[in-house]
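The following pair of complexes shares a single chain, subunit A, combined with subunit B in the former and subunit C in the latter.
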Partner chain A sequence: MTQTIKPVTPALREVSRSVPRLEGVQKVTGAIEYIHHLRLPGMLYGKIVRSTVAHAKIVAIDAADARALPGVHAVITGDDVLKIVPSPYYGPAFHDQPVLAIGKVHHVGEPVAVVLATDPHVADAGADLVVVEYDELEPVFDEVAAAQPGAPIVHDELQPAGTFADLKHLKGKKHTNIALDAQVRHGDVARGFASADHIFEDTFKSGQVMHTPLEPMVSVAETRSGKELTIHTASQSPSFVRMEVARLLGWPENKVRVRAAFLGGGFGAKLYIKLEALVAVLALIVRRPVRIGLTMEEQFYTITKHGTTVRMKTGVKNDGTIVAREVQTWWNGGAFADIGPRVTQKSGFTAAGPYDIEHVALDSCAVYTNLPPAGAFRGFGIPQLVWAYESQADIIARKLGLDPVAFRLKNVLRDGDEHATGTIMTNANVAACVESVARQIGWDRPFDRGTGPVRRGRGIAVGIKASISPTTSVALVTVAADGSCTLAISTVDMGQGSDTAMAQVAAETLGIPTESIAVVHSDTDTTPYDMATLGSRSTYHMGHAVRLAADDARNQLLALAATYLGVPAASCACENGVISTGDGRSMSFRELFVARFGMQAGNVVGTGSFEPPYAKPDMTTGQSSNVTPFWMIGATAVEIAVDTETGRITVERCVTAGDVGRAINPAIVEAQLNSAAIMAIGSSISEVMIFDRGRIVNASLADYKIPGFLDIPIDIAAELIEDAHPNGPYGAKGVGESGSFAPTPAIANALEDATGVRVREMPLLPERVLRALRAASGTPLEAE
Partner chain B sequence: MADGRRTIRFTLNGRPVTAEAAPHENLIEMLQRDFALHGARVSCAQGLCGCCTVAVDGVATSGCLMLAPFADGTTIETIESLADGDRLDPIQTAFLENAAFQCGFCTPGFIMMTRELLDRIPDPSDDEIRHYLSGNLCRCAAYPEIIAAVRAAAKADRALL
Partner chain C sequence: MDLPPILITLGARVRTVSPRGERWIDVADLITGYYETSLAGDELIVELNVPAQPAGARAAYAKFTALSADDWPTVGVAVWLRREGETIVEARVAVSAATDRPTRLVSAEKALAGSIAGAQAFAAAADAAAGEVEPLSDLRGSAPYKREMVRVHVRRALEDAG
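Let's look at the complex of A and B:
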């Protein structure tokens, strides 16, 4: 089947236009609002006292010295929390995370107590004075070891949350660290392997990394009566925060108001409950506003990206056809499940890659350990899987003497093929993405392979991701009597440009300029429900809700116009805030309101609610007739230089292609692809959390190196593969993660291309690369 | 006061000001609390990310590492000094026009550092831009757009000369 790239419909005025960000001036002048800056009258600063051990019973907490410190208002522990919340455990998948530790700690850095003071420096000093006595238990850190019988048990009992429709299958269990074991069974892998000419078996590992949003996590809570709460929080999921805090307190949702501002980055770190439950309970205890803002160091102990072990067995014919694949993945979820079970299931079912394979068996296992918790991180588990299947793709291609691009194109899923979940592929331009990056990098052209110690190589990779479902998004479009328009949504703009993109969708539908729309930020008292800003879902899911809301408002305005202009609504056109008839008469939005209400008064309110079509997979086979609203595809090709004397990799060129449906805002979409690729380059060659008995050795930007100007490719480019999705709002798909899928294996493949050495553990730190190079040359370095 | 606060005098964004500075607090805390200036922000708190960049006596400085009392007698400029009412500095205009930011948290720091770069090297090469801005981190990774913005700002700056 040929893949066509359809031209953008010329009739669109607002969509497909690179509208500058609506909030741009506020960002370049420094005036923009972040919760980071919020200070309330009478506010107390909280400093968290954190566990210093990975797994222990709490014997005693001695806070006498801290309480005696001048300026300390209170020291709060789990016992105080229990007086307000009888069962203070939260989480989107399991209710496993206590507001403050109760009886036991599960990882280094777990909050044990909070010191409150009007001066943040006093709170800091007070926190150092709290002494906690522990009775240490044996910890477990490795995800494979923790999944074995006889491993130390992190939680005595697991309580499923039952909040999200897609996580209803989680079971209450005892005596295990396995939070979820998800399967896909398609065909008969034993028969598939028997028919294969070659069998490849590899294990790929990846380390734990951190999002490091530059606005560190922060939440502020206030209450006036003790019977209601307002939580100001740098959160990607205000609707969930409201629901979960209300549940903990046994209150109706409308007593909890949760509002966000712009976020200084999120990347998945600011989802679900982070500090919100804690500040809420503290404010109720002390009856004063309470703020907790983390330091960069504390963020590393709060949420991370799953480290993984992926065991991959693949059967291939002599001609390069992949006939069978068996994948076992262990996700190191750390001490609390957070959203790990969803990562395990949603990402797990794509572990065979974007390939048409007849026989597939996938096992994906979410495991508790005594490391800091892991949750969503841009890509939602996909980069760890792509790392495995695209590394092995090159191992196979090399062994069979096939060109890596040709091998991929021979096997890729094309529209009409059946995915391992049984879903028939549609609007998934895998081949077009591979061909794009091959063309951009000049795959068939010779390049400088280097001489002496510096060697160059090229690598390519492609990944696929399913979107999240079932989910709900609701939007409100309000037209005021002067004709101006306000869009109220709970989508959180954390830098991805959602305010602008959503305004474009509303503007396109209403026939007004994007720049004239004001976007109201997530505030659960004002903006309607949205599942969360995650998984590249907003453009598609909320985009639809916004389109429907704007359409509703437009229809109401057209009906008004029809009344006053005396023609059927269907014969009116709506353009630039003016409704006109075919015979030259027209009324502006304002004139309509004046005609209707006798003055500039009233509102037209349009509402929209969207749930995508979806068929829940069978829980034993993973089979579904419609497993995802749309597929995201990202491909990357790189050219790297390797210093064979130091092991240092420099990514010199990086080209990315993303299947974006239709780009609502092409400039923002292109930037998303490139910036996601840069973030993935960081976790490929420099970023990894290093642990010593559960303690993070490098929880600082000094030792944990995120990419700066000298670390990024000098030559970087992205191509948008535009193929309007028939179910997308104006054809759009989500795109925020696509660029992050493929860089890691592309770099590992380039390393082998340059040096002949294959590394199966990421990141590709200089020491690891040098060890591999020296081992391959028969002069290994001393063991660590 | 018991916490050792003392009155300091300095010039802030062109105006003489006074403040009560505690010996243990940093410049950014004071600018935010006493002057409601929020463009410079503390992120890493170790002088590694550049989010807190301000100009002290004309030199780009990590405000999170400078104790507030040391502001006494200095001239300090923050991102808020660049625009003249609604008229943006050419660097701010270039960042806007090149979409050289995403979340915006690091942006004032990048702009302040770019201001110093262009004051010293009016026509920087790409290599000079990368090196000069290597102490500013952007986790959103708007680097390709930032380098385009700095090039455009240099051109606009020179056109004004």
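Let's look at the complex of A and C:
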């Protein structure tokens, strides 16, 4: 089912207004609900016993000492799980992740057992007493090595979930770590390279990064009868949790209730299933409520951003026209696929960048390794690809003596051009975003390049992302008999301001103030289905469903008004909770209900369901007539200072532009662009997970350094490029990730601008930068 | 990690109390290793004494963080100089964070004593410091990198203290 909404109405009252967040005061006064704070009567605390080795067979689990510890209620292992779930493997793309390890561990930190106790400290102490004997297997950590024949095999047999058509052919495949090899073929790259005047070949690497939500993952499950479950969870995807837990148990979905509250950050870490299947099974085994809340350290072992190797070969004409591009990308998926194969395919097909290139060949490869699993991370793989193609864009521009902005503008995709997937570009303002950041940073104006050891440089980059598809959102708008309105949606507000934005869309449509609307949080018993809060999809997809639901409610109210006012519905106006006719008569919403039911009674319920148009790409060529509901574009320009004696980079100015369609709430959209840029600056210059045989050396906030206030550029700004999308609610597109696309290559490009040195591996840590500077100056630093 | 090298170069002491009575310990002798001190298990620090500094004394601290701005220092360098005219008559240089405990760099101090304050002396002292220090590799940098950071920050701290 697809719909196209009416053209944008000219006079907007609620949309395009920077409504303060509806929950803002409650948040800053500590009145907001987080699952983290939930305590249920009789609740047990679970502590996970985790694998200490990267790859091994489990020989024995000795829990006798833990069970003997006073206060320990039970110790549960994979054998106990098997008694109630015959095939306890879950995951959105592959059913590869066991609720608790069965026979084998695949990464350091994999859950092997759970100790349950009424006191969390007793559970902790008990977990230390569980002794697991391992028979170690050779591990593999590097994504390129793991993809080669003869590499140690992480999973004996591939088990695609069956939900994605492009994974079905992998079912039962053995002796491989490749969980998906996706391709795009457009034109003839060999011919393209033959016609090029210059060929550029580079390899770009990026390391694993952690989402670092300040509220760590937490889930609580309870059951009354053993035949139903309620799961309270800090999840971005309650609908998926319900579906997957019901599938594991062989139950109908309506026996599993999943509810979320506000999230203390998500960034992709709290998607699909994390702790929910585990607490569900534990609650069913012990018949008491069970809570598992992770420590910050445990989060690092639960989900990460893919480390990536990108090989990029590009053919360019003397005049700067890009004629051919061949990209091979290896995604380090870690031990469980999670949503990695979708990252591989959905982001993979944009690996040639926002450029109009005649001949393109893209190979994108999801690889299992013995590292902690990788999944969705703000940007969904796009930042790793932009890192590669925008670093190379500057390498090419410099070699050809072209201005980096002019080189990009010469090659960018414009509306009407054909993307490498065959889709004709529309509502994708790549050039406008590049021009915006160039203007904001003052690209053509001279600046202080520094003297002495501190040198300054500027860099620019732009990235493109396709929205995830096909996906569905459903919304309910209920008008009570007093005229007040409640919006029930499964979009999870994790700090991005979705409650406020969705209320604005409903308010605009119904003609009532945003602040008067109550938003019901995701609860699968009461809020309808939503695919998930991910991939910048909510504003566009759920926003559209909300508009349809509000339209439905509004039409029902207008029909009532038409009856009691004796005029056609089409001649009535709906404003401020009052429906009025052209001749000056009016009825409030409440008066309509009283007229209809003889008292203040009844409801008007509006429903909306949205699934955007989409054409599935061809399996072998990646070609599609409509590969995405909308394109996200994010551009960034930075000015950095480089201390050439230490290699330390300071981002002094950072300006971003996002193609946002229309900003429902401009202040929140601006904050989204800037906060995404800050997050990307962190993974550019200070954040990286350091591994020692699969163990994370720096799994703590003390040693894994996200940006603090002093790391935020003094001058940071975002410009909203507004070009109403015909199929977005009031023209809006998703925007949560756009600011994260381009900062990393922009910084690397600024580094070369400042010092002449090119670094091809991120993050740009001071030692890495200093070594590059010293090598370039012929005085290399002593090897480690 | 910031204060110990500063206190060492200022000649600070701590007064401690235990069931056996009181004693004074130089800060330089207080920290004996990574998370280790010369305090007994039942001994508490009750006072920190920073002596009045002589006329002509100047000091500076150079802090370098490799990751975020609020990170633990990768290298911290405290310097203390007493000058008579242009001549440095006494110098103290202590490094922290790069080593397992805050450490006086005696060779740098020797290089400075008796020399004319200025770029040449400071560079020589920085080289001496880099030659003497025994940094530990960790996630914030390899030993060779930290050695280089000691060189840079000894020089910068000296330039700052003048």
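Here is the rule we use: the second predicted complex is superposed on the first by the 765 of 784 C-alpha atoms of A that agree within 3 Å, B and C clash if a C-alpha of one lies under 4 Å from a C-alpha of the other, contacts with A are read in each partner's own complex, and residues count from 1 in each chain.
Simple rule for what comes next: a residue touches a chain if its C-beta (ideal position, glycine included) is under 8 Å from a C-beta of that chain, and two chains touch if they have at least 3 such contacts.
Since the structure is predicted, the reported quantities are computational estimates derived from the model, not experimental observations.
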{"item": "Comparison of subunit B and subunit C by subunit A residues contacted", "value": "B"}
{"item": "Contacts of A:317 with subunit B and subunit C, given as first, second, both or neither", "value": "neither"}
{"item": "Which superposed partner A:708 touches (first subunit B, second subunit C, both, neither)", "value": "both"}
{"item": "Partner chain(s) touched by A:671 [first = subunit B, second = subunit C, both, neither]", "value": "first"}
{"item": "Partner chain in contact with A:28 - subunit B first, subunit C second, else both or neither", "value": "first"}
{"item": "Touched partner set for A:37, first subunit B, second subunit C, both or neither", "value": "first"}
{"item": "Which of subunit B and subunit C A:449 touches, first, second, both or neither", "value": "neither"}
{"item": "Which of subunit B and subunit C A:697 touches, first, second, both or neither", "value": "second"}
{"item": "Set of subunit A residues, in rising order, touched by both subunit B and subunit C", "value": "702, 706-708, 710"}
{"item": "Residue numbers on subunit C that touch subunit A, as the complex places them", "value": "64, 66-72, 74, 137, 139, 141-145, 147-149, 152"}
{"item": "Interfacial residue positions of subunit B with respect to subunit A in the complex", "value": "22, 24-25, 32-33, 37-41, 43-46, 48-49, 51, 78-80, 82-83, 88, 92, 95-97, 99, 101-108, 111, 126, 129-131, 133-145, 147"}
{"item": "Interfacial residue positions of subunit A with respect to subunit B in the complex", "value": "18, 20-21, 23-32, 34, 36-37, 39, 121, 211-216, 262-267, 295-296, 494-497, 667-668, 671, 674-676, 678-679, 700-702, 706-710, 712, 714, 716"}
{"item": "Of subunit A, residues touching subunit C in the complex", "value": "645-646, 648, 682, 686-687, 690, 697-698, 702-703, 705-708, 710-711, 765-767, 770-771, 781-784"}
